[in-house]
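Next up: the structures, one after another.
Look for chain A in each of the two complexes below; its partner is chain B in the first and chain C in the second.
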Partner chain A sequence: MVRYSAKAGVLSAIFMGLGQLYNRQVVKGILFLLAEILYIIFILPYNIESIRGLITLGDKPQEIVDGKIIQGDHSIFLMVFGIISVIVLLLFIVFYLLNIRDAIAVGKQREHGRVPAGFINSLKTASEKGFPYLFLSPAVILILFITVVPLIFGILIAFTNYSSPDHLPPRNLVDWVGFDNFINLFKLSTFSRTFFGVALWTVVWAVVSSVTAFFTGMFFAVLINSKGVAVKKFWRTIFILPWAMPGFISILIMRNMFNGQFGPINKYLQAIGLGAVPWLADKTWAKITCLLVNLWLAFPYYMAMISGVLTSISNELYEAASIEGANAVKQFTKITLPIVMYSTAPLLIMGIAHNFNNFNLIYLLTMGNPTNTSYSYAGHTDILLSWLYKLTLDQSQFHMASVVSIIIFVIVAVMSVINFSYTKSFREEDMVQ
Partner chain B sequence: MSRKIIELKNLTKSYNGTKAVDNINLFIRENEFITLLGPSGCGKTTTLRMIGGFENPDSGDILFEGVRINDLPPYKRNINTIFQRYALFTHMNVYENIAFGLRIKKTPKDEMDRRIKKMLKLVELEGFEKRHVDSLSGGQQQRVAIARALVNEPKVLLLDEPLAALDLKLRKEMQIELMDMQKNVGITFIYVTHDQEEALTMSDTVVVMNNGVIQQVGSPVDIYNEPKNRFVADFIGESNILEGVMIEDYLVEFAGKKFKCVDKGFQHNEPVDVVIRPEDIDVTRREDGLLEGVVTSVVFKGVHYEMLVESNGFEYMIHSTDMQEVGSEVGLTFGPEDIHVMKREVTEIEKQG
Partner chain C sequence: MNTPGIIKRYATKVLIHIFLIICAVFSIYPIIWIVMSSLNPGNALYSSTLIPKNITISHYVELFTETDFGLWYMNTLKIAFFTMVLSVVFVVITAYALSQFRFRGRKLTLMTMLVLQAFPSFMSMIAVYLLLLQIGMLDTHLGLIIVYTAGAIPYGAWLVKGYFDSIPRSLPEAAKIDGATNMKVFVKVMMPLSTPIITFIALTNFMAPWMDFILARLVLRTASKKTLAIGLFEMVRDRANTEFTMFAAGAVMVAIPITVLFVILQRYVIQGIAEGACKT
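Let's look at the complex of A and B:
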């Protein structure tokens, strides 16, 4: 028996299309051949150049000769083009492998004595089998360039010294620095103090803000749903209002209301004889204010969700419990609470993940202030994300920002995974004692 | 006769001005299987909920072993309820569902284990302790609900259409099981259903209700054979109900003729309703019948033929094992004891002591 497949495979590995030609698939072979030739002539040199740029990040700095600026290499552009080139190269390699696989497959058919399909026919089967892929591929390519490239770019920045004032293109070149930034974040006291301080507050903020909003929401939901309350719709509408308003408007209004000097809240406190409170100026009060404002904004959401769960609990359940001698408190702890937690605990965890990155509220309300002199570029109420914002947009510390964003990503990813498995285990197991 | 365990005296309950239960008087004996039967909306559930303590009557008294319990909360009544949709605690497993009340009463662990084991054995769910109630079939959920109710050892169990959600076959099985269980445990069942067959099969006593009013109380045989009025006769089974006049005691006139009967105690020439059950009418040759008619339809029903015979403008339904051709002229006969004479107007009828 002739080993067509091995020969065809080797030939196609040497140069695209050779295997197909060997398999007597002339048109296909020529097309593959042409593809590789075009790639080698038009794309490969450019690819090599860009990938070299990615590795060096430029070696010709900007110079000023006789008062004129002579442009040097722009490290960041080099990096972006380098990433794109790597992806293009990878796509070409995948294409190359497909070509080899095709040659081997057709070779196998010939070993079994079948005549390889003509061009039109293979086009037909390809379009039939590959129809979904054909439709998916534009989206995949779009995702590659719109999502994956920036993602890789963002991650790679963490391994460079891209930052103000000495490594800011086009004036300066940027260099690879390996894991230095990660090490500095934990070791360099200015950064590590800021990082741990801000991270601690971020976690406290995320948990406390969500938990308070959740249980306040539950409290109002239970209250509104209880038997004695008339016109439930009215109460529900009233309480849902803070949530219905666009968040950033409410936050800006709140910021004015809590203003230490001119805010109506302090004016009111003074009018009734209590002193003014440094709502936004004092480091502790500022944190409390953040929590209060978030409570006001977020509890209606939980109230609405929990109301939905409550109305779905059949009244018979409470009657059954009351026959068994359960009083109102027991009915709440043994029926309402477990059932509500059972179906809304994932919402709570999602809320924590959301608040972990609740940039809007912190930045619009306090801008991270009051400033903390022992922090670098962060204030007392800054959370990781708002610190990140300051690092990039105000301070151009892109290298550190990138490190922080990678850490945020890991934390949020872990929380999502936990949430996911938690929800699943919730569904599958008993949750009582 | 065992003693009365529950008495309802002039019990009335209205919702938004309409009477759901209208001046009901009824007593229930110890260990009795009593069924409230009636069409949907006739006030069965409302009556049951007042006995259970979930609704307060507008007026009237509920007595338990002679003591007024109107103001007792449900858990102090020694009465337990099986709800229509079981009302199981879906966030707990089978064991915890049954243990719910015992835990609240702080029952010691070993006693609790023992009692729950006994209950699971009773309802044939041994080994299901750790199962989530959501994973059980309708019939099994029903059993858990029964176990949860019985573990408190109540004297009376209220069951509101407990089998309505089950399919026909399972329903028949559960009917028998419930009857056995009631006899074995030896407690009083107050059962609610709109299914007359179920009521007649299972009960010691049937209470037929309509529009919040008790129509008749009696044993299934009494109710079937001696319906007190047109509504009961109609609701209990297929019947020939004719309008007639009671000429005098033991003599009634309908279908243009006078017939001997066994009923008495009516006014002279009082308008009445007359019921003759389809299986009590015999078909004879035309000249031998009390009435003459023409067969208009015949349907075979498995054990008998169901025939319609038109006579004098009235269609009689007849169940017979002998078939007649459609269109043939036949005679109809029945004895005096087959004629049931009922008062014409719907009246409130009280159970006799």
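Let's look at the complex of A and C:
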């Protein structure tokens, strides 16, 4: 018996399309052949060049000769194009492997005495099988360039010294520094103090803000749902308004209301004889203000979600309970609370993850202020994300910002995996064992 | 009948309602305050009072004649609309492929999407900036729309995929037996059955550009291309004490349509969030 498959496979491995030609699939073979020739001529040189750039990050610094600037290598561009090149190379390798697989598969068919399919027929099978890929490709391409490439870049920056003032292209080159930044984050006293201080407040903020809003929301949901309350729909609509307003508008309004000098809240406090409170200027008050504003903004969200759960609890449960002699408090703790907690706990986790990165609230309300002189580039109310924003956009400390964002990612990723493991979408995939 | 019992119950009822009224006042006070401020004759935060001495709409007029507010509004509306359309198309197509087909690389795609949506957007900021700069889309609305759309796909596709999964398989299969193509099954069977979740995706992606501050500020550089979020923030940050009432007018102009839209469609929002979070 002739081993068509082995021969075809080896041939296709030597050069794309040879195996197909050997299998007498001429059109397909020529197309594969052309694909590799085109790749070698037009893309390969560029690929090699830019992957070399990714490794060295440039070796020609900018120079000034006779008062004229001679452009050197731009490390950051080299890095971005290097990443894209690696992806293109990987895609080509996958394509190459597919070509070998195809040659082997057709070779096997010939061993079984079948005639290889003609070009038109191959196209038909490909379009049937390829339908999901066709559907996915627009999203994949978009995500690849707008999300994946930038993310890989963002991660790689953590291993370089890309920062102001000495390593900022195009004036200077950027170099790989290994794990130095990670070590520095914990070893350099200003950075580690800022990191741990800001991280602690971020966790406190995320947990306290979500928990207060959650239980306030539950309180109102239960209260409005109770028997004695008239026009339930009216109350729900009124209380939902703070959530329905665009968030950034509400936050900016609050920033004015809590204004220490001119804001209405302090005016009222003074009018009734209480002193003005430094809502945004004092470090402790500023944190309390953040929590209060979040409470106002977010409790309606939990109220709405919990109301939905409450209406689905069967009335018979409560009737049975009152026959047994359970009072309102007991009915709440034994029936309402367990059911609500069971179905809305994921919302609470999601809320904590959201507030962990709630840049808008912190930045638009306090901008992280009041400033903390013992921190590097951060204020008392800064959370990790707003600190990151300042590190990146105001201070150009890209390398440290990248290290911090990797840490944030790990934390948020864990939380969101926990959260997704509750969802139907996830469970049906058997991704959790 | 014992009268004290009735009185007690009646008193509780009244107390609960009084309590609710007080809380409601706290809840909507900021909204009333901003509306009133926008009608105040003065300019400053300090001089504005809850009940204006005489009502004026001059700040609304100034907003359009003296600032670029109208332009920002149109920019935001345009960006929001196209982000919504593109996101829905991309999300639905992706979710359909992931839900209805079994193919190599499917699990990998799903897992990647799950991981991707956990990254803080800052991490990709610098590179997004450089890439947009390279392809000449920095400082364009199209660039921003593309960035928003790409960001909306992972989470949205997960959500919609879960929804598609819950549609009984027999429906699309029956249609296929009757000779419908994949495309036809998608348009005639799956889409009509998923209006609630699609409404949710559309609404959230329409609202996002009204709220987003970070990406808009990164991509849009020219003053005339700004969105409302940036424009109003700068108004408050730089001129809170001199143009406060004008900001108030701007805030009202933004808040009214969005709030109304939200209240009308809130049942889809609540259902959508519940779908993504609980549903065990």
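FYI, the second predicted complex is superposed on the first by the 415 of 433 C-alpha atoms of A that agree within 3 Å, B and C clash if a C-alpha of one lies under 4 Å from a C-alpha of the other, contacts with A are read in each partner's own complex, and residues count from 1 in each chain.
The working rule: contacts are C-beta pairs under 8 Å (C-beta built on N, C-alpha and C of every residue); 3 or more make two chains touch, one makes a residue touch a chain.
Every value quoted in this text rests on a predicted model; they were computed, and no experiment measured them.
Trainee: After aligning the two structures on chain A, examine chain B and chain C and state clash or fit.
Mentor: Fit: chain B and chain C sit side by side once superposed on chain A.
Trainee: Where does A:Ile157 make contact in the superposed view: on chain B (first), on chain C (second), on both, or on neither?
Mentor: After superposing on A, A:Ile157 lies in contact with chain C but is clear of chain B.
Trainee: Report for A:Met305: first if it touches chain B alone, second if chain C alone, otherwise both or neither.
Mentor: Touch status of A:Met305: second partner only.
Trainee: Quick one: classify A:Ala139 as touching chain B (first), chain C (second), both or neither.
Mentor: second
Trainee: Taking the superposition on A as described, I'd like to know which of chain B and chain C A:Ala413 touches: first, second, both or neither.
Mentor: second
Trainee: Pick one for A:Leu361: touches chain B only (first), chain C only (second), both, or neither.
Mentor: neither
Trainee: Between chain B and chain C, what opening angle does the Cα centre of chain A see in the overlaid model, nearest 10 degrees?
Mentor: 60
Trainee: Mind working out whether A:Glu324 is in touch with chain B, chain C, both or neither, as first, second, both or neither?
Mentor: first
Trainee: Between chain C and chain B, which one touches more residues of chain A when both complexes sit on the common chain A?
Mentor: When the residues of chain A touched by each partner are counted, C comes out ahead.
Trainee: Taking the superposition as given, does A:Ile339 touch the first partner, chain B, the second, chain C, both, or neither?
Mentor: After superposing on A, A:Ile339 lies in contact with chain B but is clear of chain C.
Trainee: Determine the nearest approach in Å between the Cα atoms of chain B and those of chain C after overlaying the two structures.
Mentor: Value for chain B versus chain C, nearest C-alpha atoms: 7 Å.
Trainee: Looking at chain A, which of its residues have contacts with both chain B and chain C?
Mentor: Common to the two interfaces on chain A: residues 342, 431.
Trainee: Touching residues of chain C toward chain A in the complex: what are they?
Mentor: 9, 12-13, 16-17, 20, 23-24, 26-28, 30-31, 33-34, 44-46, 50, 90, 93-94, 96-98, 100-101, 103, 106-107, 109-111, 114-120, 122-128, 130-131, 134, 146-147, 149-151, 153-154, 157-159, 161-162, 165-166, 182, 207, 210-211, 213-214, 229, 232-233, 236, 240-241, 244, 247, 251, 254-255, 258-259, 262-263, 266, 270, 273-280
Trainee: Give the list of chain A residues in touch with chain B in this complex.
Mentor: 314, 316-317, 319-326, 330, 334-335, 338-339, 342, 430-433
Trainee: Provide the residue numbers of chain A that touch chain C in the complex, in ascending order.
Mentor: 76-77, 80, 129, 131-133, 135-136, 138-140, 142-143, 145-151, 153-155, 157, 220, 223-224, 226, 228-230, 235, 237-242, 244-250, 252-257, 259, 261-264, 296, 300, 304-305, 308, 342-344, 346-347, 350, 357, 359-360, 363-364, 385, 388-389, 392, 398, 401-402, 405-406, 408-409, 412-413, 415-417, 419-420, 422-425, 428-429, 431
Trainee: Can you check the complex and tell me which residues of chain B touch chain A?
Mentor: Chain B reaches chain A through residues 52, 54, 73-75, 79-81, 83-85, 87-93, 96, 100-101, 104-105, 130, 132, 148-149, 152.
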